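Chain lettering (A, B, C and D) follows the sequence in which the chains are written, and residue indices restart at 1 in each chain.
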Amino acid sequence: MLKVAILGGSGYTGGELLRLLQNHSQVEITAVTSERFAGKSISDVFPHMYPAKDLTFEALNLRKLAGKAELFFLCLPHKKSQEVVAHLHKANKKVIDLSADYRLKSPEVYEEWYKTSHKFPELLKTAVYGLSELYRKKIEKARIIANPGCYPTCIILGLAPLMGEGIIDVIDTDCIIADSKSGISGAGRNPELSYMFSEANESVKAYAVMTHRHTPEIEQELSSISKRRITITFTPHLIPMDRGILSTIYVPLKKNLKLVQAWQLYHNFYLHEPFIRVLKNGTYPNTKSVKGTNFCDIAIFYNQRKNSLIIVTAIDNLLKGGAGQAVQNMNIMYGFDETVGLKTIPAYP
Amino acid sequence: MLKVAILGGSGYTGGELLRLLQNHSQVEITAVTSERFAGKSISDVFPHMYPAKDLTFEALNLRKLAGKAELFFLCLPHKKSQEVVAHLHKANKKVIDLSADYRLKSPEVYEEWYKTSHKFPELLKTAVYGLSELYRKKIEKARIIANPGCYPTCIILGLAPLMGEGIIDVIDTDCIIADSKSGISGAGRNPELSYMFSEANESVKAYAVMTHRHTPEIEQELSSISKRRITITFTPHLIPMDRGILSTIYVPLKKNLKLVQAWQLYHNFYLHEPFIRVLKNGTYPNTKSVKGTNFCDIAIFYNQRKNSLIIVTAIDNLLKGGAGQAVQNMNIMYGFDETVGLKTIPAYP
Amino acid sequence: MLKVAILGGSGYTGGELLRLLQNHSQVEITAVTSERFAGKSISDVFPHMYPAKDLTFEALNLRKLAGKAELFFLCLPHKKSQEVVAHLHKANKKVIDLSADYRLKSPEVYEEWYKTSHKFPELLKTAVYGLSELYRKKIEKARIIANPGCYPTCIILGLAPLMGEGIIDVIDTDCIIADSKSGISGAGRNPELSYMFSEANESVKAYAVMTHRHTPEIEQELSSISKRRITITFTPHLIPMDRGILSTIYVPLKKNLKLVQAWQLYHNFYLHEPFIRVLKNGTYPNTKSVKGTNFCDIAIFYNQRKNSLIIVTAIDNLLKGGAGQAVQNMNIMYGFDETVGLKTIPAYP
Amino acid sequence: MLKVAILGGSGYTGGELLRLLQNHSQVEITAVTSERFAGKSISDVFPHMYPAKDLTFEALNLRKLAGKAELFFLCLPHKKSQEVVAHLHKANKKVIDLSADYRLKSPEVYEEWYKTSHKFPELLKTAVYGLSELYRKKIEKARIIANPGCYPTCIILGLAPLMGEGIIDVIDTDCIIADSKSGISGAGRNPELSYMFSEANESVKAYAVMTHRHTPEIEQELSSISKRRITITFTPHLIPMDRGILSTIYVPLKKNLKLVQAWQLYHNFYLHEPFIRVLKNGTYPNTKSVKGTNFCDIAIFYNQRKNSLIIVTAIDNLLKGGAGQAVQNMNIMYGFDETVGLKTIPAYP
């Protein structure tokens, strides 16, 4: 049994890791931390988990923790995560970091968007961006996984098949737009006025227009796959539901591309992927159909009038967009079957 | 592998059975029927299940179906279910009937509430009311299970510990009130104005006040356990959420009963039950904490000012109140571990 | 034009007062306070009101404020309100206090439930409980109105017709139960984990079972109307919607009472009331039908099997249960038509 | 008093017209029709309106109806509306048609998108597109108003200031994208599976990608204002709330345009408009802030990295996107103050 620890386990992503890893046949959770709830049992903090594994949240004491596990899941705030990753890495531990701290390859870009310097630029080179479907080979050998953000996962998976040789030339890469709609759980578990029920319910709004921190992450990866500099316009929105992200991605074309070609392209690209479902023509993804699962649903529409593609993708922001993908990455790292602990049929409705 | 069929599999309860049974290690689904969707694949009707087991909905042809399975789950409308159960029983098959047709022991009471006569009164004697926690021994040997309604499950489990000898005398059995709040999925998957999003959202209402058909079922079982004639006041409400029932049950007492005694009573009564969680004093059940699971959460409050108990219970109406309990009953009938296919930690939020 | 001020105007009830009073043809808002937002304009704090009356939130400086208005609406926390009411009363101003501080006639009961002593017991005698329909004559002459709580308004209006001579003897007054379901806005506009969207959505729970502070207020008023000591069992619940309270009230009877009699009783009792709608037999109240209005909808059901009444009432918690009733009381106090500023047809859906 | 009739008054838009016109000081509703509910009173069909004006839904008998009113609001299905408009026009009545039948100037385009021919092409020339802010002068004299669709209102108002001389040259008019998010009430009041609570709640989906019938209407109007052929990409989405549309509109620029200039442009363009609120820089529109009102809120963001504008607009789909704008148009046609019956401050939350 692989011994794993969860650092920062009292938020929504931490809770999902606790849930998934308790159900995982190959691992044992040996420690979980929370500054706020140190000393409390899992069931005290998450009553819905009762009777949970007999574990108590402890404070983040790295010296004590390092000996307890081989793999560490980090759900810590950015900046804090930087140091903890470095410490654990030095102690020869493997890390899956769900914060943003090791996602951006360039310390300058990191500093620009996160307003703090990166103290371990050399580790940035070591870290592997954990989009499982795209970097499986690197993930197998990685010691530090930078687990992708929820929006980037949803958007990059929707665009990756178009970034390849032969097809990228057809795309007007300057004009890609991703319009994403997210449930409120993406905002985390801290009381804030905007995320109060009475404020967020029965309403929709855009936020962080042109300034959302997931933007450079999306651009870095698209550029990396396509081998050209790609920038995008990304607009996140909050909508009144618990979970889920739907991204509507607009891709103008320079030459014609028949729909069946595009569909075939996606179909082939994700042919053996257990968690990617390329929907039949005319089927619309919706977030309810992926809720509680690690699936990413993708539909492709060809807009003949404008000669453009419209790609629609749906994920559960806390699973494929967070804890689920983290477990998928662990499965890859340790040679487990990639779907262990993640074989869920969505409960509907 | 036990071969099972689902008759009437295209509604919400049928969908949940499909989901649970596909995940069940001991069974194989060999047939599923739907009049409306005969000829369509599971994934056509439930796109969220893609890629589902390779099965096609077929019409309800009992001659063809009888040979395909050993156990039949029936999610058919009442009246229709009567006959199908009788037919399958005669063909020596086991049946778990999720309709109301075999729940009421008295054909007269059935006719009074369901406005149709019961054509197989002798089978009513054979059928076992499938409230797993209360009738495990009988369920083991049953050939026809009348799977309980969602409200009755939630209410009877909340009252059963009080119905026993020694305690029943303390209760003013004439004045028990159960006030239940249900999510909209309880209304099924048929388009009706009342259950349209724009009608049901941002609203709460009582319905079927004093006339809900689950009333005689609750009374029959409470009377049976307590061995006296018990009638209750039951009021269902619809609230704007997908799933879940919360029941607030008011039990006036004739003599004093300290809270700790009541809690101990419940604790002991459900001591070894894998799906009943008697919450610590002061903890409030909520439906989110049981969503997607087979749990029934129970809290007990003692009202000193009025000398009464307030019992609050929460279930997922489609699982412990439907498909989940049906699978639990199957597990009991076939000697599987009772929790197979049902070991779910709730996803939160 | 009557000059009015709103003290504590940045919460939901304060916002509703700002909205209603800006639309009121007989009054002018001359001041509004908020500690948190002092110095900010109304539109800064409530962008949806833009372009609002040109007013800036100011700090609560009673010396400055007293000269600005004749009537003061207080949306301050309890305890704080005690003193402000006393100060304004001494300065010869009229006050409508939306806090709980002047609702309970007995300083002892107040202290028992609010865990703080009442420093102005003599003023408690002066204050009039502002349930408009019941105390119109007293309200006309009042200088201090204790505006009722949201739950008490919903419950007392549902029971008042039964509290009169001739009918009260038929009721088993020991066993009245009020089970209320409230939208989340009732919890106010302060960030707290329980009221976050992701916590409250898709869930229902009971809270403050047997300990809710509105209990003594309900009992005081029912006792006062009926001229006997009445206690009730009151259980509030939170359901996932913005606004509205539905109360299901169970009233056991000692003698028979035909439904038509009960309906006639309610019909006559509220015959000329502009804001009470006694629904036709068989019609179910729902909170959507009163949202945004000052209406209280009431339905009466007679339970023949148990010889009891079930009364279902619906209000908008922020209007008839708060700001709306406050304006109605002002209209009564100043001889305006009682419906000025409150003639709203609900927007549906 | 202007006598008005509502044809097709039992849906959501009809209900809103009934509400707004009952509150309107200058008009009297003299007839309302509904095939489904002919013979029933307004309160029977819309219990929330009780006590409504004493009117009974009648069948659509044009001979009887023509004499009853001077102005007719039509909420009929397209195709049906064609004929009724023609009939009333011939009878010398004024019409505000809320269907799509007279919005498209070209009968060919109409036939292409609505799959039925237009039988009164000559009347199309007479009809005025009722976007109040843009066509006020024509509306004043119009006898047939084609009241705009909900999405077109939200999108055209967001783009109109950019369509003028001097600015249109800066825009890459081929690449405008409008991504709209709508509440479920936009789907009307007919029971359909997709709009059931349990299907639509906790989910978001795109629909009618590239095929939505509002597309040609938007393009026609943008082309008309800008005096060039403009096509757009328009994607509607359904999100789980009752009311509201938020449109995120992406406008690539060919030359630079500073944000302050864009803001000033919008500010000036809508300077004297009572229902358009151009928000301060950095403020995000949300649908809650316009719910129940005739407002259209607009925010302008300049994307320096991509040299594009992002315009975000919010309306209530049933008001500014339907019944509210219809009443605004009536006010213009009859010389009433444009805001009569529409001066609503949003109720929040």
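Keep this in mind: contacts are C-beta pairs under 8 Å (C-beta built on N, C-alpha and C of every residue); 3 or more make two chains touch, one makes a residue touch a chain.
Bear in mind the structure is a predicted one, so any value in this text is a computation, not a measurement.
The fewest steps needed to get from subunit A to subunit D, moving only between touching chains, is 1.
Summarising the inter-chain layout, the chain whose CA centre lies farthest from the centre of subunit C is A. Chain geometry summary: the mean Cα position of subunit B and that of subunit D are 46 Å apart.
Subunit C and subunit D have Cα centroids lying 37 Å from one another. Touching two or more other chains at once are residues 12, 183, 185, 198-199, 201-202, 240-243, 288-289, 349 of subunit C.
Chain contact summary for the complex, subunit A toward subunit B: residues 12, 15-16, 19, 22-23, 46-52, 185, 202, 242-243, 277, 279, 283, 288-290, 292, 318, 343, 345-349. Of all the residues in subunit A, the ones that touch subunit D in their complex are 174-175, 177, 179, 181, 183, 198-199, 201-207, 209-210, 231, 233, 235, 237, 239-244, 246, 248, 250, 252, 284-289, 291, 301, 303-306, 308, 310, 312, 314, 349. Subunit C contributes residues 12, 183-185, 187, 189, 191-193, 195-202, 240-242 to its touches with subunit A in the complex.
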